[in-house]
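Some structures to go through are shown next.
After this come two complexes, each holding chain A, first together with chain B and then together with chain C.
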Partner chain A sequence: MGIKQVAFKIKWVHSVLLLATATLVLGTPFIDNPYYLDTLITILLWAGLAGAWNISGGYAGQLSLGHGAFFGIGAYTSTVLLLTSDLSPFVGMFAGASLAMLVAIGIGAVCFRLKGPFFVLATLAFGEVAHIAAINWRSITGGANGLQIPYDAGWLNFTFLSEKPYVYIAFLYLIIVYASNKYMEHSRLGYQLAGIREDEEAARSLGVNSWRAKLLALGISAFLTALGGTFYAQYIQIIDPDSTFSWTVSIQPALLTIVGGLGTAAGPILGSIIMIPMSQVIRVQLGGTYSGAHLAVYGVILIAIVLFLPRGLYDVVRKAPSEVWGKTVLRSKPE
Partner chain B sequence: MLELQNVIKKFGGLFAVNDVTLSVRRGEIVGLMGPNGAGKTTLFNLLTGFFPLNSGTINFKKQDIRFMSPEKLCEKGICRTFQIVRPFGSITVLDNVLIGALNRSKQVDEAREIANENIKLVGLAPFTYKEANSLTLGYRKRLEIARALATRPELLLLDEVMAGLNLTEINEMIDLVARIRESGVTLFVIEHIMEAIMSICDRIIVLNYGSKLAEGKPADIAKNSEVIQAYLGEEYELA
Partner chain C sequence: MIEFVPQLIISGILLGGIYALIAMSLTLVFGVLRVINFAHGDFVMMSMYLSYALYVFLGWEPYYSVVVVAAIMFLFGVISERLIIKRTISAPHVVQVFATFGLAILLQNAALLIWKGNMRSVSLPYADTVLKIGKVSVPFTSVVVVGVVFLITAALFVFLKYTYPGKAIRSTAQNRTVAMLMGVNVNRVYRFTFAIGAMLTGVAGSLLVLIYPVFPLVGLNFILPVFVIVVLGGLGSVPGALIASFIIGLAETLSGYFISPSMKQAVIFVLFIVILVIKPSGLLGKKGEEGIGT
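Showing the complex of A and B:
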């Protein structure tokens, strides 16, 4: 599937979203408000993480709630390599992502035997185990105190004084993740995963190696999630088990994707653009008296989406309202 | 092409398939008949990697296929349809068949070509971009066949494709089966509809309670008193 052909398949919604995002990003040189830039970076990063999760959760139908482990592996691997061998985080990033991918394949090999909710629980357990390991494996991770990224600004060090380069890098990250999602929709792997999602046994009888397909999807998902982990480490400049191997990092990408549109390339982006600023506003407005209120709102919105718009907010803006509702958006359109 | 020797499949104490020996030669259309519960679908499940057998041998093109997975068997050239159709409901007919075509062809565009050909072959061209869930039963059965054909099988196992169809649809299906044979595919067919199975098959094998009851040309089977007894009970023996 050539690049040009993929580009033409991008619907108008995607164009709008990408344009909006690009404008925000391009407007960056003219904006100096660090709070605004931080919010933008947060949106872009979470949109990327959500999109990464979407590859295994949406396209492969494997709802993992343990992706925080991959995020943490990414953050810690590049940081440890930086601290011990002075390795540029841009290189360490790929080491972390590769490690995450290997771990994902190992975990998948064990957990894919489990069906439905049991798989979800197993990934949840895995995420928690990773969290505990990070706290206790002090020799590598520095334990609960975490690790500090030395401040030494420069491109090679992936560290910058201003927020602006981070905005551009986060945007690049999002583009890469979005492109991976799009690839899932039009590639052989993507079609096979759609079949597996619908009816795994029927797919297998048609020659689809479901084992391999699911492992590959989980591996790619973990790889991309770990890249986001390194970015986070370099942006915040301090990492600890509670911020990286956390429950939030496991749940939030799933939440954003489901709200935005599971199994679609635009869904994770849509979910982030709507939910992240909203949670920030709620935290500001209600944070003092009702801290944690934004989580309650998250919950309510999630329930509402699941009940009324099961395919996510993306459905509202889908081009043809007459398209029948179902679980996937995979379509070969008439030329 | 396909050889089963003394195949036994037990579920606990029940012999679902009891010492069955049969073969299918390349280019044939062989029918598999028998009252409900005779073990026909179980036999198909053994042939397509869904159950492991208890004893016996199964060889396809001289290879032992007893312990191969469904996807491996599809690669080897055996594909099946399901008695209760299992379409990929929320995606289009084209995408359904495309997934089958991706078995042989690694390129999506090429697979789409193959898919379109097979959709035309089974007469589903007007429904190409419709969601599979929107099809009626007769068309779903055809989709099932198109999807299986897209995997380029050498041996196609059809499990009761005529069930639930009206007379017109049955005749159309009979034509389709003939066309499939013409395209070079060997067929092994489970069927209950007498007119259909008698008219399309070169040879028929009858199972009863898991054992092979009779084997022969359709005309001979129709006259076989044991077969008649198995289906209709002992009091009925047509003169």
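Showing the complex of A and C:
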């Protein structure tokens, strides 16, 4: 693979992404339909959460199905701090994220002894324990009824009358997550994680401290997931264990990342851009009479992608231009 | 308090029987194919709906229609192995986990599409019978489950030990390469084993529809404790799964009574994490097995 080809590929996809996001940001003030704004926020938030998951699930290859716990910790910590000590969620979100990171390091210390399907099952169990704890720890979490955030609009309270500020905050969140994903592609930690993902024994024999690298990856991933949790709480204004600590919150980021492309920075974004509007459309079109249809389609897509395009849609998109017009110029050297 | 203990123990054993019914086939499939079927609980859900449909539309009672349901599920096992599982066997485990996961999502939501979210149940006069032994009451349907579990165990034992397909399955589980070199058609063994696993969920679903109402996500209620059980027993070990089922059944009923009903699931998961940390290969699993597939 020639160096020129790499440069070209990166430029192509990234300029499209850049163009799309620029249009989005510049266009937001002109969108007044709350439904479109809500869809936009949902895409941005899930792209961010998927990107956060991607750090441990994609780059480090540790498939966690317990990220709902980190999301819930983020949502509840900032909300409890807001309700009890009137702390601004902008501060509370970092408290929640730090707490989630500590919990992640604790969970990681236990679960990283396990490999493959056992790791998946253990993270799943942790997620469920957190869910049950959130339901039963009523004095703090309000139990199954959840917590309501007082409606008091203002920047300090992270509460707004219009959807538009949420779009910008979600966008900022996505940029932070994207940057940390990119960092995983071009840093010492990222290379170590790639080594661990491909062959842990070999990486360790070359002096990589795999324990430390995996813990760091899970910690960063949990930190970013919890930030998304606070955003969700402030946007929806009401949280309960079933919507934050749930199984769905744990699965969705994994699903979006796999569809887009595991272990690539653009993958989670691509996955959300395709899957979320699609499921919204199916839900709106068929939801009333055929509830479940959009998730059934999700299931089929997931199976098809995993079996036939295990590297995700990003891989297809990335290869497209060179196959269309780049044959002579770009294929000068065989891979 | 102490006078409830015999009742709790009996209930725990009966619950263990229900778990064993599902856990044995999951662990059998894992032992041979080295793929954890995340859709296993949803196979049970599907069987429960099949049994329900046969009762509602044709009037066939679940204890008789179990033969039909098991046969349909066997076929379904063959088809899903051909279409999905076969392609995941030597794939990285992100493929294995998420292909079966996709199947689970598909089945749950197909059920929601067809049957809506209502809870449905089959009630038969004899199925509501409760036997009284002293002060201990024992539901008839649960006794049937425990009986069937022992029948299946015995049948599996004989089948795996003395028949050619059974021996082929065991040899593939031990070492697939050597089995292949010895002339075992490994691909057929995979398909057959997966189909048997699906067939056993058919039996489970037919018996469970008389105990629990069926709804699209009912599989999740079974699958989470069953995952704990198969790991506790040692993934791939059928006798291990049997023992572990009763341990978890007892742990669940006892902690539900002595600690708090809402915390019994948490107790199981904490137990699970402790097992994974102390002895990830499980009670009867071979050491090092937990690394397989990585």
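We adopt the following convention: the second predicted complex is superposed on the first by the 307 of 335 C-alpha atoms of A that agree within 3 Å, B and C clash if a C-alpha of one lies under 4 Å from a C-alpha of the other, contacts with A are read in each partner's own complex, and residues count from 1 in each chain.
The definition used in the following text is that contacts are C-beta pairs under 8 Å (C-beta built on N, C-alpha and C of every residue); 3 or more make two chains touch, one makes a residue touch a chain.
These figures come from a predicted structure and were not determined experimentally.
S.K.: If you stack the two complexes on chain A, which partner ends up touching A:Ser162: first (chain B), second (chain C), both, or neither?
M.R.: After superposing on A, A:Ser162 lies clear of both chain B and chain C.
S.K.: Applying the touch criterion given at the start, work out whether A:Pro117 contacts chain B, chain C, both or neither, answering first, second, both or neither.
M.R.: So A:Pro117 only meets chain C here.
S.K.: Going by the contact rule set out at the top, does A:Ala203 touch chain B (first), chain C (second), both, or neither?
M.R.: First partner only.
S.K.: Which partner chains sit in contact with A:Tyr298 here, chain B, chain C, both or neither? Use first/second/both/neither.
M.R.: A:Tyr298: touches chain C, not chain B.
S.K.: Return first, second, both or neither, reflecting whether A:Ala194 touches chain B, chain C, both chains, or no partner chain.
M.R.: First partner only.
S.K.: Return first, second, both or neither, reflecting whether A:His186 touches chain B, chain C, both chains, or no partner chain.
M.R.: In the superposed model, A:His186 contacts chain B only, not chain C.
S.K.: May I ask you to decide whether A:Asn33 touches chain B, chain C, both, or neither, giving the answer as first, second, both or neither?
M.R.: After superposing on A, A:Asn33 lies clear of both chain B and chain C.
S.K.: Between chain B and chain C, which makes contact with more of the residues in chain A?
M.R.: Higher number of touched chain A residues: C.
S.K.: Would you sort A:Gln148 into first (chain B), second (chain C), both or neither based on which partner it touches?
M.R.: neither
S.K.: Do chain B and chain C touch any of the same residues on chain A, and if so, which?
M.R.: Overlap of chain B and chain C footprints on chain A: empty.
S.K.: List the residues on chain A that touch chain B in their complex, please.
M.R.: 1, 186-188, 191-192, 194-195, 198-199, 201-210, 324, 326-328, 330-334
S.K.: In the complex formed with chain A, which residues of chain C make contact?
M.R.: Touching chain A from chain C are residues 36, 84, 87-88, 91-99, 101-113, 116-117, 216, 220, 224, 227-228, 231, 235, 260, 262-263, 265-266, 269-270, 272-273, 276-277, 280, 290-294.
S.K.: If we count contacts the way the header does, which residues on chain B are in touch with chain A in the complex?
M.R.: Contact set of chain B toward chain A: 48, 50, 69-71, 74-75, 79-80, 82, 86, 88-92, 94-95, 98-100, 102-104, 106-109, 111-112, 129, 131, 133-134, 147-148, 150-151.
S.K.: Applying the document's contact rule, which stretches of chain A touch chain C when the two form their complex?
M.R.: These residues of chain A touch chain C: 61, 63, 110-111, 113-118, 120-122, 124-126, 128-129, 132-133, 135-136, 247, 251, 254-255, 258, 262, 290-293, 295-296, 298-303, 306-307, 310.
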